[in-house]
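The structure appears below as C-alpha cells.
Going by the order they are written in, the chains are A, B, C and D; count residues from 1 in each one.
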C-alpha cells in the first residue's frame, strides 16, 4: 500500500510537470502582448518597452518558464500583469469558494443519488423505479446553467425566497452564506444527482446479481438488509470512480453556474483572466485546477485501498 | 430440532414446478426426505438442478416462479406460498445452502469471520456480537481451517478456494440447520481439496443428523457422498432410487447414458469411450464385483491406443525436448520502481516427448501446466532453460523464427467459447492458421481445407457460415480442434480441452481427439487436472506440483504404482465411479 | 449448455424501448440538421426589425427573437452546428483515443504507461478548460470548441478501448490467433477491433451527448460558435433577458438541447445493453 | 431571506446603498491600468480634482474654490479650498497639486491618458492655498480634462500601493474590496464638504445585465447603474416599487469604417453606408428605443453639441446610387464585432440594413477587449467595426489623428481644431462645431446613437446621477427619501 501511494505520488509529480510545460508554452501562443493590453489604447512604444521590462515578458521564454514553474510548488504564482498584485492570495480565496460550492453540490447530489438510485435499482421493474430512472435520464439531458436560470427565475425573482446571486463567505455571515449557496448548489446538484443516480442504479443492479448477495439472503437476511449490508459497499466502488471524475470536472464545469450566480470561484477567475489576457493568472489557475484534479485522483486511490482489500494485491 | 427421532420426516416436496414467462424450467418435482438422509441430485448442465435448490430456499431469480408444495419440518404451511418475511426466518436457520463458486459467493469486502458471525446474529441465536465472533472462530476451526483466528480476520481473496469453501460450509452449519443444500460445492476445487471438503461435509452432516441435498453433475462424487439419487433431465426427474441401485442397474436410458459417458474406465468394443449414443452396450458397475471386471475390461481394450506409440517411441526421434525450463512471473504492476514480487511458475523442468507419443501432463491448479504449454507453443518465453520443439529452439527465438514452429504445433484450449472469436464466422476461424505471414492466400484451397476439416471433426459443411454462439459447447470444441489441425501440424497440444464440457460431450470429444491423433499421426501433449481423462488418453504422464515435475513415467506405472508422495495423494483423491461404489 | 443450443442471437433480439426512443430522438435531431442544409423557413441570420419578438404563429412556428429572426429556423440551423461539433469532436477523440487505447492494451509496459499517463494529463484538462484556453489563444470559434471538446473526450475513448482490449487480449482466441502466427496488427484488426467496436460505439454515443452539453455551455459562456450563426447554447443565453417577458424564447433551444442529449444518452444505454456480453447469453 | 431579515434590511436602508455594475476593476490604480471601471468606482468618491464636471457637462469648482486665467490665457491660478484632508489624515495643499500634476507627466503614470497633461509647461506653488499652472499654449480642453481622472489629486505619502489602496480627498474611503464581488465604501467623518446621504455605499459587480436585475428584484441591490440590457426594463417600468431613469452618457456608439482600406477609402461608399442605415431603427431594435440619435460624434452634454441628423437621413435609394457611382455594387465586407452586448445587438440590425442596399456584411466576432484591441485597434486589420467610445470629449482623439484606427485624414480639421482649443469659450464652441461638421460631411464614421445611461433603482432611492458625463459614478448624492 505504501508503495502504491509512492507510485501514485511519483505519477502525480510527472503528470504535473508535463502539464506545466504544456500550459506555459501553450499560453505563450496567445495573440496580444500583455503590455499592450495592460496599457490599452494609445500606448506609446517607450511605454510598451518599459512595461514589458516591468512584466519580465522581454526575457527568453525558458527563463520565464522556470521563473514561474519553480515558484508554483512554493505557492508563489508571481505578480499578475493586470492586477499588479500577487496572484497566490487571490487564487486561495477563489479555491475556497469553488471547493465549498462543488463539494456541497456533490454531497447533495450523492444524497439524492444514493437513495433514489438504489430504489430505482431495487424496483427496476416497478413503475416507481422506472419513473425515477426516467427522471434521471431527463435530468442528465438538462444543461446545469438552464437549471440555474430556472431556479433563479422561480425562487429568487418570482417567489423572492432567496437572493438571486452573490456570495458570502461562510465565516462572514453563515445565514447569508446558506441563503446564497442554496440555489447554485441545487443547480449543480440536480444535474449531478441525475447523473449519479444513473450510475448508482446500474452499480446496485450489478451488485444485486452477484452471488454473495444470494449467499447473504440464504443466511436469512431480507432483500434490503442484504443489499444494505453487503451490496452498497461493493456498489460504492464504481460510484466512487464516477464521483471523483465528476468532482474533478465540476470544479471547472461550475464556471457556468458561477457566471449565472455571480460567484467568485476559480472558474470565473479564469474566464476574467482570459478576458484580460492575464497570462500568469490564467496559467496559475489552470495549474491549480490540474493540481486539484490530480489530488482528487490521489485521494480516491487511497479511498479505494480502504474500501477494497483486494486492491492491495494490485488488481 | 428437539426431535430426537433422527428418521422423522424432514422435507416433502410435491409437484414442484418452476416457470418463467415463456418456459417451464422444472416440472413435476417430487422429493421426500427424512432427517439424516443424503440425497444426490444429478444431471447435466441446464437440467434444472440449481433452479430446484433455489426454489427450495425461496430464492428463485427474478422472472422465475414456483408452484406446488414444499413442506419443511417444523413449519406449518407451504413454503412456496410463504412470504419473504417467513422465509427469512427459515433460511440460514432450518435450511442452509453452500454454493458452487467459493470466491463469488462470499462478499469480497467483508472479513470472513464477520460473514460467518452474521448468520448467527441475523437469527439472534447468540446474544452478543462478540459471542458470535467467538463462535465463528470455533466454527472455522470445526471445518478444519488451519489457524481459524487468522482466517476469521482474512478477506475472502486471502484464502484459497478450498479454504473459502470451508468457510462457506462453516457458515451454512452455524445454526445447525435441519436441511443442508449443496449446489456443486466442489466443482471449482482441485481433486485433493475436493476430497477433503467432501469428507468434511459428510462428517458434519453425520454428526448433526442433518438432511443433505447434494447437487452435482459428477457421478462419482454422488457415489461417494449420497445414499439416494435423483436423476434429472430437462427439468424432470427421470429416475430415482438408492445410489447402488441406480448406478448398477439404471432403468432410464438417460441415466445409463450418463453413467456410460462418465465412466472413463469402460470402453466399447472398439476401445472407444461410451457416449450417450452407444450407452446401450455399456455394463454398469456392480457392487458385488467392483474391481475385477471393469478394470480388466479397461486394460483389455486399451492397448489399441497404447501399444503403437510405445513402439514408436523407441525408434523415433524426439519431437519435444525440454531442459531445465524455468519461468518466473513478476507480480504486482510492472511499476516504475520498487521491487516487484515473483511467482515461480516453472522451476526447472526437463522431459522429452518422442514422435507419436501421447504425453499427459497432470497437476493441480497453479502447478504450471498452462505456462508450460504456452512456452511449448512459442507464445511465451522461458526465463531460462532450453526448449526444442520439432527442431526449433524456442528459448530466445524471434517472432519470425517461430513461424516454422507454429506450422508444426497447434493448440486446443479449455474454454470452447472463449477460444473462438465470437465475431468471426467459423470458416474464418478455422482458416486463420492458414493465413500465417509468408503463406500465399488461396481462398479456394482454403475453402476446401476448411470443409475437409469440418468433415473430419464431424460437423456439417454449412457450419462454416455460422458464428460460434450458434453451436453447443461440444461442437465449439470440435471447431477448435478443426482449427488446430487445418495446417497439418506434427504436434497438438491441448490445455484441458474437456474440462468445461458435460460428461456426455466429454466422451465424444475425447474419442474424436483420440481418432484424429491416430489418423493424422500426431504427437499429443495433453494437459489436465483430471487423472482419469489423462489415464484414458495418454500413454506417458508427468505429474506436476508447484512448478516441478515430481514424477514421470508410463500411464500404467504412475497410476498403478505411484512412487512420489504427491502423486499418491493425487491418485487417491481422484474418484472413479467404480471405486466409489465399491467402497460404499 | 451442451445440448442447449444458444438460440439468443443478438441480431434477432427485439429492439429495446430505450434504443427506439433514443434512436428516434437522435434521428429527429439529425433530420433537423439535414433539413437545414436544404431548407429553413427563413434565413436564420437575417434580422427583420418589423417582426421582433413574436409568439408562435403559422408564419413563425416558434416565434421570433429580438431581431425578428425566425426561431424555428435558428433551431434547425443550430442542430447542424450541434451535430457538426459533436461529429468532429467525437471523431477526433475516436481516431486518437481508440488506437492509443488498443496500443496500450495490446502492448502493455512502456506504451501503456505513457498512453495512460497521457490520458491522465488530458483528464486533468476537461473540455471546458481546454476550450477556455483555446478561446484565449485562438479566439472563440466553432473550430476551437470542436477541438477542445474532442481533446477533452480522448481519455474516455482511450480508457474504453484499453479496457476492452485487455479483456479481449486475455481470451483464449487471442492465444489461438497468436498460435496461428498472426502478428499484432492483424490481431488488432481481425480480433480486437471487431470485439471492442460495440464498446466504442457506446462511447461514441455517450461522448456525443457530452459534446452537445459542452457545446451549449461554451456557447453560453461566449466561447463557442460566435454570432450571428445560431447555436442552441447562445440562443439560450440570449433569451435569458426575456425570461420574464418571452419565456418561450428560452424553451425552444432548451428543449432542443435536452432532446439531443437525451437521444444520445438513451441510444448509448440501449446500445450498451445490446452489446453487453452478459446480456447476450441465455438470459 | 425570511421576513426578519427583510425588517433589518429596512432599518439599514437609510444608512447604506448598494449599486450594481457590470465590469469589475482589476485593481485600483488608474495611473497604470487602462479601463473605465477603476475611475468609475474611485473618481468623485475617493479621488477628487480641482474641478469637476457636473451633470450637464459644465466645469464646476471642487478642490479649487476659484481660478483666474492670465498670461495670454496660458496660466491658471487656482485658489484652493481650505480644511481639506486626505483620508490618511494629511492636509491637502498646493504642494499636493504640484505633486499630482508633475506625477502625471512623470514615468509613474503609464496610462495613455497622461498625454492630456503634455500641454502643461510648469506648476508653481504660490502658497499653501494657491497654485499656478502654466500651459505651453492656451487650451480649452485642459481645464475640462482636469475634471477627469488625470486631474485626480494625490498625497505624496499615499501613492505607494495604488493598486490596492486608494487615498484621496473624497467623501468616501474604501472599507473593503471583495475581489470578484464588491467594493465597500465608508463615509469619511472628516470630509471637507457635504457628507453623503448614506454611511455606506457598495458597488457590486456582476457578469451581465440579467444578473444585476435579478439581484435588484430579489432585493440584493438598490440601484442598477448603466444597465446594459434595455430588454429587461419592461417589467420594472410597470412596477411602482422601482424607478427607471434614462440619462445620457458621453459614450457614442460608433460604426467605424476603415478610412484607409478598401472599400471605405472611398468617401462615397462611406456616405452610402450613412444613408443606408436607419439609425432610429437601430436604436429601436438593438436597444429597445433607449439612446439618442444625434447624427454626429458628440454627446448632448458637450458644449459644441448640435443635432446633425439631417446630414444623412435614412435614404436607401441614395445609398444604392452612391454605391453604383463608386462602382461598389454587390459589395462584400467583413464586419468585426467586439463581444459586447451593445455591439452584437447593433451588428445584427446593421447587417440586415446594409443587405437592403446590396452590401453583404459578414460578421466576425472579436473578443473584447483583448482581440478587438489587438486586431482592430492596434493592427487596424478590419473593414468595419462598431464600438462604444466612452471617453469624454473624444472627437479630436478619434478624428484628429490619422494614425488612429479610424484612419481619418485629418488635414481638413487639424488647423481649425488647434485654433478652437486656443480661442475663448465662444470661439472654442464655434470652431469645434465646424470640426464636427467636416467630419460628418466626410462620413468619417457613423455615430449610430449616444449610449443611454439607464438606471433602474428601488423607488425610494434619490440623488442618482442620471447622466454619465465623465468616467466617474458619483455616489455622493445617492440616498433614500
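By definition in this document, a residue touches a chain if its C-beta (ideal position, glycine included) is under 8 Å from a C-beta of that chain, and two chains touch if they have at least 3 such contacts.
Predicted model only: the values in this text are computed from it and were never measured.
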*C-D or A-C - the one linked by more C-beta pairs in contact*: A-C
*How far is the middle of chain A from the middle of chain C, if each middle is the mean of its Cα atoms, in Å?*
22
*Inter-centroid spacing, chain D versus chain C (mean Cα positions, whole Å)*: 46
*Which whole number of Å gives the spacing of the CA centres of chain A and chain D?*
39
*Report, in whole Å, the distance between the mean C-alpha point of chain B and the mean C-alpha point of chain D.*
88
_Give the residues of chain D touching no fewer than two other chains, as numbers and ranges._
208, 367, 371
_Can you list every residue of chain B that touches 2 or more other chains, as numbers and ranges?_
336
*Going by the touch rule set out above, which residues of chain C reach two or more other chains?*
135, 139, 240, 244
*Can you identify all of the chain pairs that touch?*
A-B, A-C, A-D, B-C, C-D
_Which stretch or stretches of chain A touch chain C in the complex?_
11, 14-15, 18-19, 22-23, 26-27, 29-31, 137-138, 140-146, 149, 153, 157, 245, 248-249, 252-253, 255-256, 259, 270-271, 274, 277, 282, 286, 289-290, 293-294, 297
_Contact footprint of chain A on chain B as seen in their complex_ = 57, 59, 62, 84-85, 88-93, 96-97, 99, 101, 104-110, 118-119, 122-123, 155, 157-158, 168, 171, 331-333, 335-338
*Which of the residues in chain D end up touching chain C in this complex?*
208-210, 229, 231-232, 234-235, 281, 284-285, 337, 339, 344-345, 347-349, 351-352, 355, 363-367, 371
_Per the contact definition, I'd like the list of chain B residues that touch chain C in the complex._
44-46, 334, 336, 374, 377-379, 399, 402-403, 406-407, 409-411, 413-415, 418-424, 429, 432-433, 435-437, 469-474, 480, 483, 487, 501-502, 504-505
*Write out the stretch or stretches of chain A touching chain B in their complex.*
3, 6-7, 10-11, 125, 210-212, 214-223, 225, 229-230, 233-234, 307-310, 313-314
